[in-house]
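A short worksheet on the structure shown next.
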Amino acid sequence: MLHPAWWTIDPCARFQLGPRIFPGRIWTASGCFAYGLTGHDMTSDDVASPYSGLGAVVTKTVTPLPRSGNPMPRLVETPHGALNSIGLENVGFEAFLAEVLPELEERGVPTVVSLAATNPGEFGAMAARLQECAGPLGCWHGVELNLSCPNVAEGGHDFGKDPRTVAQCVAAARSHLPDRALLAKLTPNVADIAGLARAAAEAGADAVSAVNTFVGLEVDLATGKPILPRRFGGYSGPALLPLALAKVDEIVSRTGVPVVGAGGIATAEDALKFFALGAVAVQVGTAQMRDPFTAARIARDLGKQG
Amino acid sequence: MNTPDPLPGAYQGIGRVTANRPVSSGLIRMDLVLARPLDFSPGQFAMLNLAGPSGMVFSRPFSILAADGQDVSFLYRVVGRGTAAFADLGPGAPVSFLGPLGRPFPARTPGQRAVLLAGGVGLPPLHDWLARHGRPGDLACFGAREGHDVPWNLLDERWTVCVEDPDGLDGHPAVTGLVTAPVAGPELPRGRDRILLLSCGPRLLLRAAADLAAAQDWECWLSLEEHMGCGYGVCKGCVVQVRVPGIPGSGPGSRNATCCQEGPVFRAEDLIWT
Amino acid sequence: MLHPAWWTIDPCARFQLGPRIFPGRIWTASGCFAYGLTGHDMTSDDVASPYSGLGAVVTKTVTPLPRSGNPMPRLVETPHGALNSIGLENVGFEAFLAEVLPELEERGVPTVVSLAATNPGEFGAMAARLQECAGPLGCWHGVELNLSCPNVAEGGHDFGKDPRTVAQCVAAARSHLPDRALLAKLTPNVADIAGLARAAAEAGADAVSAVNTFVGLEVDLATGKPILPRRFGGYSGPALLPLALAKVDEIVSRTGVPVVGAGGIATAEDALKFFALGAVAVQVGTAQMRDPFTAARIARDLGKQG
Amino acid sequence: MNTPDPLPGAYQGIGRVTANRPVSSGLIRMDLVLARPLDFSPGQFAMLNLAGPSGMVFSRPFSILAADGQDVSFLYRVVGRGTAAFADLGPGAPVSFLGPLGRPFPARTPGQRAVLLAGGVGLPPLHDWLARHGRPGDLACFGAREGHDVPWNLLDERWTVCVEDPDGLDGHPAVTGLVTAPVAGPELPRGRDRILLLSCGPRLLLRAAADLAAAQDWECWLSLEEHMGCGYGVCKGCVVQVRVPGIPGSGPGSRNATCCQEGPVFRAEDLIWT
């Protein structure tokens, strides 16, 4: 059952994405697994570690300067998903380079570094500095440009909706990253996500990640006001699956650009649906928060050994 | 040793319900048996969820009441969707477990008397603290609204029960008043080397405990409740504001601390109440 | 609890929308309650009829000519919602005028007629003919222009994404409908739904209905292919609630255009969330299919008598 | 009267489970008690769902096996999420009920012998038909894969049981072969005024029944299964293609018919198999 006839890939085998060989196709999504586990050792009865079989951990998005994020509450469960307005809390790019990335390398965690910035120049500068500082690292496989986080006031939201801006950001980063995979993470809150994907690919992205969260809102019935102080948050989790599948299908079938799928994946079956549509890899987000072994179990269930 | 222990390894697995029964009018005790023995310190918690696809999007944090080998117990109150679903579970039902998580209450330093203030479902960590570290002279107070709300079977004679309303005591001994009432008198000495105040419960209690401690210069640790996404430090959905030492030349600052990983137990003085 | 302090409206009281007085604010959504109940009498223990307290039944969208709709399967349940690709099966506008509308009048069902067409001219012609044939009817309160159905190949999809087309369709219908409420039903599959709402209002719509379904897709794991023959369907149901709330809030807070909210409403609490954001009325769609008394129960629970 | 009765009023309410137990290795019988008496005709169905917000987005259609006053029974097999959830329900559990829905099997016209072909979970409507309308000389066949799959307690001696595999019969009498086997012989007369063939079960069985009836010129009605959204005719999610008389001058046409409201029982000749 977990290996239907049409399914021939081993997602725990190495595969090439752009200039880089990744150790597998089951990844964790940015913001849902921090910089990998920090401070915790984790065990389970059935999987050796939360990293077993994973192709990459996409790190929490880092920005040029540290950010403390949005006011609380910034994470709300809804019956079928979650709304977050974390606001890109992160240690900042320099601390990330100095402390986080070396530690990921030391622990042997395959890493994709998620970056956000407010203009193409900043993206370029971060990419250049990454290449300069982290060039020799073996576990750093690529960069994902977060062009779509709906929680940042300064431009973040509409930023990634314009294909030209997407292209500029990708081009700026690409020029400094000759030997790493470059991914553009797209917002689904547009009429034409395929257009964004095409723009990203033409500017040099090796793949696009789709999707980031949908704009959502939850009301506190006691007050009649939105629960999140900024009203809107990013909707993620199981409710998203059919929406994310549609966006991925739109990109794959209209553009042929390689897609790393994300949105609502919690089980091997969910992941299979993205692969069925032609996704080259998948990311586990919200479900990884519920259980740090989710992605590793998906890798085990779908792997040839599974 | 007042410095929190380093975080132990957390275990994720499926526990099975062995018992799930009311212990007072508002409190239910749930016992699980895990696939392996569990080691924890008082104040640590676990993230629980229904097993399988019917589970909630986020697991729910619950303080560990006790653990003995593979058996682990919780005390909870039905407040919403998740706890209502837990209350429906019968023996044998699978429960997704991740724990122990978070930093525990500290043990005492020599010379300190302990004052424990537990309100309602804030009992578990302090119950276990007293069981492990309790000494004659410690003052352990449990507060509830009225007699029927008190889990009498869990509370031995070392516990002073405080009820706001003396109804429903059915002959059980209790102080009428807030859980802070027994501490208010002048009997307790001042000074952080003399009293270690630990509290877990409603926010108002924690504020009152912090104020008491500040006024008396007691050492004080509080267990906070924040809504949690992951419970293990990755989502940044549970942050609280804590003070950081000022950079020389500028005043003291603040930063976010994750309640799940840097807490849930914080030193009262470090907290910035919002 | 059902009547929080901020909530002062009686949704079962008459209210004015454009030139028309509606009997209430709890409506059923187009396509989820046909032309009202046809052929069935329905009873329950707690509500007198599925129409009790309802402000309007928005009829299944009718098109100029009859349509038999899309091939089967065209309706798929997902764990948190539903995907439909019914394809606007309907009896056609003339049969609707001749048979359906008089029957609704006879049964005293407050009615909003949902219309779809492929260009402004057709919308105008249908509006004119409605006014001509149904002008004297007392139960016909208004028209909802379905500018957003994602299931029709011939233009339906992208049609409603362009504010200019929206404005043209609204204007064409408005000129023939002096004394009925005119609503434009908007697609959520755009980056800027507020812009569509503004265009509709400026062209003469009394309100907008938001939202229609989101584009979604479900994969059949056995074959690895989309379950729906047309790949995509419209995603509706409980999963939509936070998305729909966000779209409604965007429209209300950015434009002030009156909004009739829809998307995922199954309970009085769900409906309250839309009212909290300023919706003037709400529509119950997918949940009405599960239980024909859903909207009537919401009306009862939220009504002053409730 | 071969013309279907007009649709009776449907009732929506919460039933309570009174029993929910296996009656064979694959079949479960669920009995509900409703708040009011239920009247139905064989072939009609109800839409069932878990009560409350934990229910499925769409209710599930199930043929009514029997109804007596406020008691109503169903026979089902666990095939997916909904039926698995139903199988977990214990006595007292609330179930959302909407029914009876759809058009029933017709009664016979004078002079007709009835042939009933029921496959697996297709039993309920024909079981009730036989109980109401059965006469000596009727042929009622129930087909299952093997003996353990047969709900023996439901089937009196009027039923001929057919099993593909004679295992697990435990001494029960049965024909080895498909459910159509007892009909294949030459004993039955030709002609639509002589035989009324009713069938409910897997699609292959329905096709075989239709072919048989066509070959023998029997009157034939089939109960179809389509995935349903609403079950009461409003969503158009359950349509099947039926023939319509041609407009003079052009050939016969086809149109959509809702399986839930114009069916689930259709005259075999009207159906266009796709």
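Chains: A, B, C and D, in written order; residue numbering restarts at 1 for each.
Everything below uses one rule, namely that contacts are C-beta pairs under 8 Å (C-beta built on N, C-alpha and C of every residue); 3 or more make two chains touch, one makes a residue touch a chain.
This structure is a prediction, so every number in the text was calculated from the model and none was measured.
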Item checked: Shortest chain-hopping distance from subunit B out to subunit C -> 2
Next item on the list: Indicate the lowest number of steps between subunit A and subunit D, counting one step per move to a touching chain.
Entry: 2
Checklist line | Centroid comparison with subunit B (C-alpha atoms), farthest chain | finding: D
Next item on the list: Could you tell me the distance, in whole angstrom, between the mean C-alpha positions of subunit A and subunit C?
Entry: 35
Note to self: Nearest whole angstrom, what separates the Cα centre of subunit B from the Cα centre of subunit D?
What the structure shows: 57
Checklist line | Multi-chain contact sites of subunit A, meaning residues that touch two or more partners | finding: 78-81, 238
Next item on the list: Indicate the residues of subunit D shared as contacts by at least two other chains.
Entry: 53
Margin query: Taking the touch rule as given, give the residues of subunit B at its contact with subunit A in the complex, in rising order.
Written below: 7-14, 35-36, 47, 49, 53, 55-59, 81, 96, 98, 101, 226-227, 229-230, 232-239, 255-256, 261, 274
Checklist line | Residues of subunit C touching subunit A in the complex | finding: 4, 6-7, 78-81, 83, 161, 189-191, 214-219, 221-226, 231-232, 235, 238-243, 245-246, 249-250, 253, 269, 272-273, 276-277
Next item on the list: Flag every residue of subunit C that touches subunit D in the complex, lowest number first.
Entry: 31-34, 37-45, 60, 68-69, 72-82, 84, 86, 89, 237-238, 266-267, 286, 288-293
